[in-house]
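Below are structures written as structure tokens.
Next come two complexes built around subunit A: one with subunit B, the other with subunit C.
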Partner chain A sequence: MRFIASDGLPRLLERLREDGAEVWAPRVVRDTLNTVLFSPWSEGDEIETGAYSTLSAKQLVLPATERLFAYRYRLTAEGEKIEIEAAGPGMHAGETVVFGARACDAKALGVLDALFLSTPGQSYNDPHYRTRRAGLTVITLACTTCDSACFCSSFGAGPAETAGSDLILYPVGGGYLAEGFSDRGRELAALDIFEDSSQEKPALAETAVLELAGLEQKLLDIFDDLDFWRGATEQCLSCGYCTYACPTCHCFNIFDEMQGDRDGERCRSWDACMFYTYTLETSGHNPRPEIAHRYRNRMGHKFSYYPANQGEILCTGCGRCIRGCPAGVDIREVLKAAAARPATPGGALQQETES
Partner chain B sequence: MSTIPKKGINATTPLVPEPATVVAVIQETPAIRTYRLVFDDPALMAAFMFAPGQIGLISIFGAGESTFAISSPPSQKDYIQFSVMRTGAVTSAIHELAEGDRVALRAPLGCAFPVDSWKEKDVIIAGGGIGMAPLRSLLMHLLDNRGDFGRIQAFYGARTPADLCYAEDRAAWEARADVDFIAAIDAAHPDWSGRVGLLPGVLEEEQPPAAGAVAVICGPPVMIKFTLQSLERLGFGDQQIFTTLERRMKCGIGLCGRCNVGPKYVCTDGPVFTLDELRRLPAEL
Partner chain C sequence: MDDLIATIKQVLAETDMVLGWTRSAAAGVAVPARFHTPREAEAAVFDSTCVHNLAVHLPRLKDRRVGIVAKGCDVKSIVQLIAEREIERDRVRVIGVRCPGMVDVKKAWRCFGFGKKVEDAGGQVAMEGKTVAREEILLAKCRGCRDAVPVIRDAAVGGVQGQSVAAAGELAGIRKRFASMSVDERRRFWRDQFSRCIRCYACREACPLCFCRDVCAMQTREPHWTGGGVDARQSEMAQLIRISHMAGRCTGCEECERACPVGIPLMLLLEEQNALIEELFGYRAGTDPEATPPLLTFDAGKDAGGGGL
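On to the complex of A and B.
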């Protein structure tokens, strides 16, 4: 194993910066609210290695808002024409290092890759995402403790998850043991800022484990049980916080920002499936008019549809939606209640087809 | 569904539309206008390929981008046609367009009617209102390849004579011996000498045989509901019935997340579905 002393971390990050990388790290940005966000780091900036970040690191691959292209009306010899100029990935397009991601954050990137790097049935995927992802190095801080909202152990290896991480740092006395899980990670661990060590890896946190067997089908089985979904969302304000805080939620809106009378930019931004207008059609028809319908779709997407389509659960158990929900909605309670339903042989939808 | 080459979409920047120009505007009904568009890039226009049932997204910059069925047939190489009902912000902006105006277009997207698997079969087409748009593309494509199919019966219903689109096409279809085309309006009207009655009833009266046939229906939800019942009474099975779904869409390429019905995305898995496929999906239409 390799070892890096605590005071070696800034030197490592500074070296990465000197090599031309943008470095992002969790930093306390609002002391009184104890808000920790992944933020641009430069020498001298304090890094928060204890508290979890309030928002995930997904903005480094899916910025909250980004330009898709600019459009301009130009008078030419053939009359007025529209010129369209693709924007390119812009933000985080080069080498980017995120330090201090947790196992749940790193795993989330792999979960997003399953969609954004491979769109089933299509010959293209998302070019901005692809560029940013290719240039992203993830240095993960292993969790030796967890809080009461963590439930990552419900999904695969939990705190011991290595998917999505290039380099994982394990806290030990005086610094961190370092282990690379990609060529890039191994290359970093070989730097002279690290030294060889015979120390043992620390024991990692053990989070709550939810029993979720059969959930993919059970959520389909209870699709028509509106009482279940209305009960689950009785307190929900439909504010969308959970979708923005989630490391795997990725729905986006597309809209035009005018610049002057006619020219402008087409942009995309994070959207939230919990909003009434998300699926509202021009005719006034809305397939998901109630909060219960929208939450049902959110849960279905995460634990049934995305697993069926992309082979990954769209949740890594980071607990952010639980910590931050202003109304106290706890996704674990809903998951437990759904998983506790008896399994229906063949599934309710299948039965309906056969009847 | 059939796999259709996705030409026309810029593979490196799939959310970026291509500039296009309105070459014709046709006032179909008080609320519906047809727009014929041509990509400004001649190479793109020459390479444009699609199949009936596929969709395009028209951009009116500042207003936004909306999804419409392509209503011209693949054999029409001079333009790409869309019929647009004035309903909201983008469709109202489209209704302001005149010949020569510039727009932008992303097309084709989505999956087409699997016409290749319909060879030798009878085809029954039933369109209601603006739902006739993708079916115009389909019907013209079937007639372009007339020898490949059995009997073709096409039904087109609207509320009043003034609500029927495609007057020239209707006259041509009515004149042809190799397609049984029936336009019907809901109630008797002084300007109408043709068939009167709700489309499901008209279809049922004609009694198309279900054996070796497929039925394609597209229209408002209430029309779909009762036409399905008619088809069931005529003995059509769920796998013989095709329809197209509409959902609010943004990206059109299965990423932005909003047009799903359960695990299926209308933009990439649809918009064409069999009734059998729809019955397997969660009931969230």
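On to the complex of A and C.
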């Protein structure tokens, strides 16, 4: 194993910056109580290695807003013309290093890859996502402690998960043991800032486990059980915090920002299925008028439809939605109640009759 | 809790549900709950982690008869909803509770970690053996609270008179820094604060008086008041639209600031505006259900100028 002393970390990150990478790390926002955000790091900036970040690292592959292209209307001698100017990824074009992701954050990147990068049999390949993802190096901080919102152990290896990480740092006395899990990670661990070590890896945290067996089908079986969904969402305020903090939620909206009457930019922004406007149709009809409809979709997408379509559960148990919910909603309680709920007579996914 | 549970059961006899709190084992603090039956009401608690303002649910429950456990500040929101004719007084049964001042749960989690059980006794707040003096960890609104006694109530738990809350201390931290800033510094300060906004609208959804909700000007594309993207200038504009709609409506419950996941100090703006409304109109939102809110006093004949519209 390789070892890096705690005071060697800034040197490592500074080295990466000198090599042209942009480095992002979790930092406490000044004046706030416990807002920790991944933000660009430069020498001298303090890094938060204890508290979990408020938002995930997904903005590095899927920014909150990005420009897809710009368009301009021109009247030329040949007639009317629309000029299109393609936009690049709209962020740092070269390598980006995210330091201090957790196993749940890193794993989530692989979950998103299943959708945004084409795999055999699928046709979608997002050029903006692909460019950013290819340039991203993930340095993960292994969790030796956890809190009561963590439930990553419900999804495979939990704190010992290596998927999505290039390099994992394991906290030990005086610093971190380092292990590479990709070519890039192994290359980093070979740098002279690291030294050889015979120390043992520390014991990792043991997080809560949520029983997921049967949930994929159960969520279909209780689709029509609106009493259940209304009860489960009594406290939900329908804000977008949980979806925006979630490392795997990826819904987006595409819209035009007009400049004047004819010129503008086409942009893509995060969107949240908990918003009333998410499914509001031009006609004024909204197929998901109640919070219950929207939350049902959120659970169904995460734990039933996406696993069925992409083979991955859209949750890595990071617990952000639990820690930050202004109404104290705990997704685990809803899923436990769903698992215990008898299937609706007549079967799943019937046509809804209520308006 | 026996008194609270008994009162909730009484109120349940004449309502469809009672909004209150129960304790969450995972979070170690109180979380909102609805009680529909006397049996469910057995789980009710009230302690100094009941930070949520449950009045936020009332506009969505207009067609129901609802009981609500409410602190003095929560009752102000109920009063304002009545004054704005958003809810009917006789459909709501208010259970006023004696509020000891609420613990800033986010601050507690910062000190002790999420999910540790909060114990509040003898002037100290403790979590897993570590303690902090009570006045250091109370919500800002609880210091020097003027509204601990519920303005309206149909039942009371714990005696609503003689409340004791911490006195208003000197301006601390960000409030102190903000107070000494020039206009230019404030402009930069807000641009920096709003650069963190992710447009999740938790501020709006947690606000009992933001009852437009699904048709909010912060989000409409038609008319196009603000951009659809996440950008500090646009977010600032969107928030200022929301806040100006809260003129004479905001009761200072601080739920927007508590709900904000990225810690934008929205109350700095609202406190300024609330003080202005009190100065200009002699009006404090949420203190009198019979009073007419300033935004509802516009008289087209008199106020439009030049002989009316």
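Note that in this section the second predicted complex is superposed on the first by the 328 of 355 C-alpha atoms of A that agree within 3 Å, B and C clash if a C-alpha of one lies under 4 Å from a C-alpha of the other, contacts with A are read in each partner's own complex, and residues count from 1 in each chain.
Here is the rule we go by: a residue touches a chain if its C-beta (ideal position, glycine included) is under 8 Å from a C-beta of that chain, and two chains touch if they have at least 3 such contacts.
The structure displayed is predicted, hence computed values, not measured ones.
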Superposition on subunit A - do subunit B and subunit C clash or fit: fit
For subunit A as apex, the angle formed with subunit B and subunit C - C-alpha centres, to the nearest 10 degrees: 100
Which of subunit B and subunit C A:Y241 touches, first, second, both or neither: second
Touching partner for A:N253 - first (subunit B), second (subunit C), both, neither: both
Touched partner set for A:D227, first subunit B, second subunit C, both or neither: neither
Touched partner set for A:D196, first subunit B, second subunit C, both or neither: neither
Subunit B versus subunit C as contact partner of A:I322, first or second or both or neither: second
Partner chain(s) touched by A:G264 [first = subunit B, second = subunit C, both, neither]: first
Per-residue contact with subunit A, leading partner among subunit C and subunit B: B
Subunit B versus subunit C as contact partner of A:H293, first or second or both or neither: first
Subunit B and subunit C, minimum CA distance [Å, superposed model]: 8
Set intersection of subunit A contacts, subunit C complex versus subunit B complex: 253, 255, 258
Parts of subunit B lying in touch with subunit A, wherever the complex brings them together: 3, 6, 9, 11-19, 40, 59, 61-66, 87-91, 100, 102-104, 246-248, 250-251, 253-258, 260-263, 268-269, 276, 279-285
Touch list for subunit A against partner subunit B, complex: 68-69, 71, 73, 79-84, 86, 115-116, 119-124, 126-127, 220, 223-224, 250-256, 258, 262, 264, 266, 268, 271, 273, 278-283, 287-288, 293, 297, 300-301, 304-305, 308-309, 349-350, 352-353
Of all residues in subunit A, those that touch subunit C in their complex: 29, 31-35, 37, 51, 54-55, 64-65, 147-149, 234-235, 237-241, 243-245, 253, 255, 257-258, 267, 269-270, 272, 275-277, 319, 322-324, 326-328, 330, 332
Of all residues in subunit C, those that touch subunit A in their complex: 24, 26-29, 31-34, 52, 56, 104, 106-107, 109-110, 113-115, 173-174, 177, 196, 198-202, 204-206, 213-214, 219, 221, 224, 227-231, 255, 258-259, 261-263, 265
